[in-house]
Amino acid sequence: MAPRDDAAMSDRPRPLGGNEMPRFGGPATMMRLPARDSAAGLDAAFVGVPLDTGTSNRSGARFGPRAIRAESALLRPYGMATRAAPFDSLTVADVGDVATNPYNLLDSVARIEAAFDDILASGCRPLALGGDQTVSLPILRAMARRHGPVGLVHVDAHADVNDTMFGERIAHGTVFRRAVEEGLLETGRVAQIGLRGTGYTAEDFDWSRAQGFRVVQVEECWFRSLAPLMEEVRGQLGTGPVYLSFDIDALDPAFAPGTGTPEIGGLTSGQGQELIRGCRGLDLVGGELVEVSPPYDPSGNTALVGANLLYEMLCALPGVASRN
Amino acid sequence: MAPRDDAAMSDRPRPLGGNEMPRFGGPATMMRLPARDSAAGLDAAFVGVPLDTGTSNRSGARFGPRAIRAESALLRPYGMATRAAPFDSLTVADVGDVATNPYNLLDSVARIEAAFDDILASGCRPLALGGDQTVSLPILRAMARRHGPVGLVHVDAHADVNDTMFGERIAHGTVFRRAVEEGLLETGRVAQIGLRGTGYTAEDFDWSRAQGFRVVQVEECWFRSLAPLMEEVRGQLGTGPVYLSFDIDALDPAFAPGTGTPEIGGLTSGQGQELIRGCRGLDLVGGELVEVSPPYDPSGNTALVGANLLYEMLCALPGVASRN
Amino acid sequence: MAPRDDAAMSDRPRPLGGNEMPRFGGPATMMRLPARDSAAGLDAAFVGVPLDTGTSNRSGARFGPRAIRAESALLRPYGMATRAAPFDSLTVADVGDVATNPYNLLDSVARIEAAFDDILASGCRPLALGGDQTVSLPILRAMARRHGPVGLVHVDAHADVNDTMFGERIAHGTVFRRAVEEGLLETGRVAQIGLRGTGYTAEDFDWSRAQGFRVVQVEECWFRSLAPLMEEVRGQLGTGPVYLSFDIDALDPAFAPGTGTPEIGGLTSGQGQELIRGCRGLDLVGGELVEVSPPYDPSGNTALVGANLLYEMLCALPGVASRN
Amino acid sequence: MAPRDDAAMSDRPRPLGGNEMPRFGGPATMMRLPARDSAAGLDAAFVGVPLDTGTSNRSGARFGPRAIRAESALLRPYGMATRAAPFDSLTVADVGDVATNPYNLLDSVARIEAAFDDILASGCRPLALGGDQTVSLPILRAMARRHGPVGLVHVDAHADVNDTMFGERIAHGTVFRRAVEEGLLETGRVAQIGLRGTGYTAEDFDWSRAQGFRVVQVEECWFRSLAPLMEEVRGQLGTGPVYLSFDIDALDPAFAPGTGTPEIGGLTSGQGQELIRGCRGLDLVGGELVEVSPPYDPSGNTALVGANLLYEMLCALPGVASRN
Amino acid sequence: MAPRDDAAMSDRPRPLGGNEMPRFGGPATMMRLPARDSAAGLDAAFVGVPLDTGTSNRSGARFGPRAIRAESALLRPYGMATRAAPFDSLTVADVGDVATNPYNLLDSVARIEAAFDDILASGCRPLALGGDQTVSLPILRAMARRHGPVGLVHVDAHADVNDTMFGERIAHGTVFRRAVEEGLLETGRVAQIGLRGTGYTAEDFDWSRAQGFRVVQVEECWFRSLAPLMEEVRGQLGTGPVYLSFDIDALDPAFAPGTGTPEIGGLTSGQGQELIRGCRGLDLVGGELVEVSPPYDPSGNTALVGANLLYEMLCALPGVASRN
Amino acid sequence: MAPRDDAAMSDRPRPLGGNEMPRFGGPATMMRLPARDSAAGLDAAFVGVPLDTGTSNRSGARFGPRAIRAESALLRPYGMATRAAPFDSLTVADVGDVATNPYNLLDSVARIEAAFDDILASGCRPLALGGDQTVSLPILRAMARRHGPVGLVHVDAHADVNDTMFGERIAHGTVFRRAVEEGLLETGRVAQIGLRGTGYTAEDFDWSRAQGFRVVQVEECWFRSLAPLMEEVRGQLGTGPVYLSFDIDALDPAFAPGTGTPEIGGLTSGQGQELIRGCRGLDLVGGELVEVSPPYDPSGNTALVGANLLYEMLCALPGVASRN
């Protein structure tokens, strides 16, 4: 994606800086970017999807967007490791939250789907602040409607490929099975990274493999850089559109305590950064950071991790220049 | 209700005592009472209704039953102010949790209704550990099916008489309007106590008054004993069956911080005790303590308040002897 | 103050409702009101003053505005006790934060003073979200420049009339002595309510009395309604302009744990509401709620109290209709 | 007690002031008073008794002294309500902690007893920072050895007159029965105030009454000043030596959440102050503040309440002047 | 150990599943397994040992069993990395807690010893939920009585080989010296892994080495897989009975903040899993997970780690099939 | 540095041991060492510098010294990995806190500078307990006055080389630029380790490199031992005086959540230990551990990390013997 020509760099929105307004003040938008009512004219947009009625254990992810935005005030515009300059390159803003229905999960799914249809209609690449993982299904529906079936990088402790949960077909643990059934994914262009823990059967992850997904259990990730893995993943996913779904519980609860279904033995936050930085070069059409549950995050640091990972996603989008 | 003759006092279940098992150990049932699979043979039963998908703001009440039970380990069998001796008088146990559906509020409502039909079928008086206030509707449906329309003592910061919330007819703020519409309540035998805060219209509580409810806003309760009020309420409600619904947010957040929609200027926990003790003499056919949200209750003390209030409900049931 | 004629009620900004956007979503402005860049055209404005470098003990009040706004999402437009209808009556918005200087208290004071000069220039009545109590001095300077010396209702655990603190003349405990010295107050029209605790000398509060202030120590407030007191205060303050300064530590730490210099034996939150409601009828030219320190408020409930008290201030402003 | 003549007022130790060292710095002694190795030459001494192995439910009181001292940094030397000037009147210091044995409760009891024998030998009046209530027994033994049987003001949620707990004769709930049996108390000069909750039998408090204690259950205290009660108590206790034992759980958990066996429906912190202030005029030979459990007190505010109540005890000692 | 023939797989107890009862409900037993009164007929049993009076610094481990059980609700039956199927292979239940004496450590030790004699008498392999490390001594006594001296895999930050603590011979830091002295261990078949921190002498760990223990200080573990180490350990320990003691403080406080004597520079939770998985093939006769202190674990995640590690122990028991 | 001859080992102060006073009691000095009024006669001194008015985001570091000291009670005298014996070798005490000015950052800087001049005048090597990073500037001024320009090992997430912050030249993010400008550093003998995150420009760290600093971004540190790096650093820094500045936010927030400007992807605490241990052999003239913010550290574990790292600094000082 080339940055929009009609937006001269100097006119692009930039995060409100810490020397203009102290970091503890200012608007509680993502990175203190301008709030916009729509994605029209934006290259990329942060969008909140407050939802936790798809979650099986601890709730609270409904407050994820608010908390991620609050902690994002600490972010500055340039990536020091990547030297990425997203705000020099892209027109980015915060387009607010999808109005989910707190009492009706299926209606929330429909509302999210409609909201992302709108965002995608303008050619914008959305970066979603979850909410629980259920949000992935309506977003992928909108993505597939816009782009056709997409590739997927899915970083998570869980495969989320259950057939049903408590008899329901839509919940935070079923979304990628539904996505396959609905033809939203190019199944040979899917990688699931970080899977672990306990399962209903010992074969739970085999369904993924049977679809052609690359499945990387967390034990393969321990004690090492994931840059080589991502080189392989880029090879696997090639040139088509790719969606990036990052469940914060892919990280070990030491790094991300505030989440609903934590699993021990997870990734470090540095590995999380490597995974997203390793998506640079793919045609990322959007991304999401899900399952931050603020009530279980008294320090705010899980939300801070989420904010940082969303920033890394922004830096990994096509068209973002690196300053070397 | 007379205590069951066939249960000699010495055979009745009693809470596991702190001199047999330290309070920090033992089963995590309510008051460390025996766990039972059904309410058959019980005079009263504690039953958990884990649910928070009917809540409008902070979630977390799904963990209410687990937390209330954990803190209830501190309770001893006799009431020192009332000299009530519930376990000398009644056969009481913990019948576990209703299996709510985490992803589907209406199905949860149906499941709760069925579970309470079962409990009531055996003649038992249930004391429910919520869960959010949505649980009141299915419980009242079961109550009305068993007893006909019932009187209601409703202690709460909120009237919960909205017509709809987010377009939905069933949510934690609509249950008593639904209950009136469905004929579950004797509307002249309803008292709502502790109402306060802000409203969508200045007339929000007038709907209640128009039904014939007695509405006691919290300002009438400040700085004084509520024993005289309860004498009036007992006069108002008379001799028919009465259900007692206590939303923990009736108490000030100082006393009950761990709840989903806290309102300042609330009752003290002592007033909460007065209100329940003041129900003694009514034909209580059941009760509930709702809206304890453990993620917002790091000390556990809100759950402890809930456990104590449920104990007070047990002591206020018909047939409980006082030791003087 | 008469509501502006040029703002028809139907056009006035209203808080975003919980049936349009769930309370856990939407913009993190005060009461989810529209954000405005300036106070022009507003009858009343919420304005954040993030500052904690004037505080003597626990810091953290710099995050007060952000936290108060987050919790204010729970507020609905009408007051159920007062039947006040502020948004029917006044044009109200959130004008964001003053850009304080984190490293230089005196520069922050100058910046606050300038910002309030601007707000007052448009005829708007500001309601400030602190920040520590130091903010009162620059606000009162702006007030006096606009209105001449003002009356003051000061609700606080502390008199804040020290001559110096650590040798400095400006800090959170010196502001009202400075205000007297600078002629910002009509000293016969000042009431300090809730004072208590320990002092550097036994005569600390006598300085206030010597200025002609009415000083109400907290022991006079215990166990009783403060409505009669406020009737007297209204008589004392009469008809001139009045500023309302409410330090959250006036409340007992049970009700407001998240503050920097808590003192036991304080007011209840209901008494806090009585004090503000009792200001109705005075010519309030502005108000402030200071000293909420979010790091010491993990539940968010102190910020929630702050949000409610700011709402009560809004309802007490001249020109707000009551719906009876 | 007359202040020691040999200590001129200007030489007496004073708390380190907030204008010399900021309140967040300085030594973590009680009120930032000088640390002393012994009580020799002191009129009054703060002494820590870290212990929680006598507790039945939540542990953690072993950290009580450390936390109370940390929060006491906020205290200034004069009482604003009482105008008491303890440091003008008495020579006071912090004599550190008794070295309790973490693994052996009976040895800890012996160590405490010996330490208090030493403190009392010098004529000093000790104010103990608990620790769980078990500390009362060895302290009372030392008191009785020094003064003969003493009167007792015991403010608590619990009577602590069990015969045994888990088969043991010494634990935090048995101390006052042991004290009676050992002849440490003048049983007609004992008042227990604030008792409540649930009991092993409905007659638990009757044992106290049978000894001649005055028992004031908490329901008699609600909604009113306790000054009249204390007038009666002063009449009851008369002129002999009196020990003051204040269990922080006498206060409602709203005011003192950080304690091991919280009971709802408790006193306010203001009532706690009234009770201690009402001891002025009695011949207080010492006092204790027990059962602050810091792990359950994340805000530190329970420790702050404890520090304030210990300060009130200091002000209530014989010989403290009031500045009027 | 062969699974019991008389328990057909379909009849074996299984954890209550998340599709039958939501994870936030159901009995608070370990993994929501059935509660049993005794270990008779069980291949393996989870047993709580609530105790913290043997601890030297932060208390709170008395609530360890309750918290571990609460968090264990998130566990599913199969191990995704090991493909272990413990509930297909073994008859497992939760046999509740040992009734420890809160006031008398030595009596608690005797009670634990007796309880484990009973459990072992039935041929069951116990997995203990601590409780502080003191529990190891009575358990090892029972183990040695049943099996003769055993091998030991001890994962911990501390060697726990002090001669005395505060003059006492039994406390959480002396248990393995006592075990050697009492002949409970085959000293050549002992490995201590993860030791670190500060010591009373620089030679503290040399006592262990002098007994013939393998001592692996944590620095040898950093940045690498511990699978090779465990291969060596399996070689060292060979074929006799082995007890597995895992102190949660072996993990870094980042991964396990809620413990009493945390030491920085510890293991990751993934390394903890490797250590236990590496015990597969040894003749594990039981295991324990000790020192989870819930008051220092507000998120519950330390208890969750503990629950996971206990599950890994179950999977490592002899007779557990792997599904490949 | 040779240990002072005039201090025989047996007379040197030692930390109060856990067998003399339980770890939860005793004086709240660093490691429970003796408190001293001055550094005279000391080889090394722990000194608190409570300050947080130089911080840009979360405040709270003002309580750093108090919290670090409280948690340091867990430290024993010998290093088990290094076998260092600091108290056998050096005369060490805690000299209390610098009296910073809470309201005036520049005055605080002056006060710190004067205090360190005094400490250095006696030949003592100070180890400072911050306090925010602003403290480095006045300490380095005193260091340079005493020793001439010094080498620097700076472990941090941030380079702290901004020219100004909010227009101010002195704040926690400008100190090392100021130090260079003032000639306090030998710029070729500076290493900055752990830098990462986001920046105002992509070139933020290049300023450091342009001065001749060695800059080690955190990505170079992941997954590996830093011992080889420190070998290089020792080569770079050679034999002159070296100051060690360790900002706790160099560690990942998983290991050190309680800090003001956390950055994800950080070092492990074990790497932090390696970095300090790797300074052994350099002529360390002092060190500091800054940016612990207790309000964001409810478990106390960040302060515990800080205490441990300060202990490692002590062990790395010249003249400390190793016991092999």
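Going in written order, the chains are labelled A, B, C, D, E and F, and every chain counts its residues from 1.
One rule holds in what follows: a contact is a pair of C-beta atoms (placed from the backbone, for glycine too) under 8 Å apart; a residue touches a chain by one contact, two chains touch by 3 or more.
Source: prediction; values computed, not measured.
Participant: Quickly list, by label, the chains bordering both chain A and chain C.
Facilitator: B, F
Participant: Based on CA centres, what chain would you say lies at the far end from chain F?
Facilitator: B
Participant: Is the C-beta contact count larger for A-F or for A-B?
Facilitator: Most contacts of the two pairs: A-F.
Participant: Pick same or different for copies chain E and chain F, depending on whether their interface residues overlap by over half.
Facilitator: different
Participant: Where the centres are mean C-alpha positions, what is the separation of chain C from chain E, in Å?
Facilitator: About 55 Å separates the centre of chain C from that of chain E.
Participant: On a C-alpha centroid basis, what's the spacing between chain C and chain D, in Å?
Facilitator: Averaging C-alpha atoms per chain gives centres 37 Å apart.
Participant: Between chain D and chain F, tell me the centre distance in angstrom, where each centre is the average of that chain's C-alpha atoms.
Facilitator: 40
Participant: Listing for chain C: what residues touch at least two other chains?
Facilitator: In chain C, the residues touching two or more other chains are 22, 24, 56, 58, 62-63, 101-102, 165-167, 223, 252, 254-255, 296, 298.
Participant: Okay, what are all the chain pairs that touch?
Facilitator: Per the contact definition above, the touching pairs are A-B, A-C, A-E, A-F, B-C, B-D, B-E, C-D, C-F, D-E, D-F, E-F.
Participant: Tell me, which parts of chain F touch chain A in their complex?
Facilitator: Counting only chain F, the residues touching chain A are 56-58, 164-167, 195-205, 217-219, 222-223, 252-255, 257-258, 261-266, 296-298.
Participant: Could you list, by residue number, the parts of chain E that touch chain D in their complex?
Facilitator: Those in contact with chain D are residues 52-56, 58-60, 62-63, 101-105, 165-168, 170-171, 295-296, 298.
Participant: For chain D, which residues are in contact with chain C within the complex?
Facilitator: 17-19, 22-24, 73-81, 83-85, 223-225, 252, 254-255, 268-270, 272-273, 298-301, 304-305, 308-309, 311, 322-323
Participant: Considering only the defined contacts, which chain F positions touch chain D in the complex?
Facilitator: 20-22, 24-28, 35, 48, 50, 62-63, 65-66, 69-70, 96-102, 298
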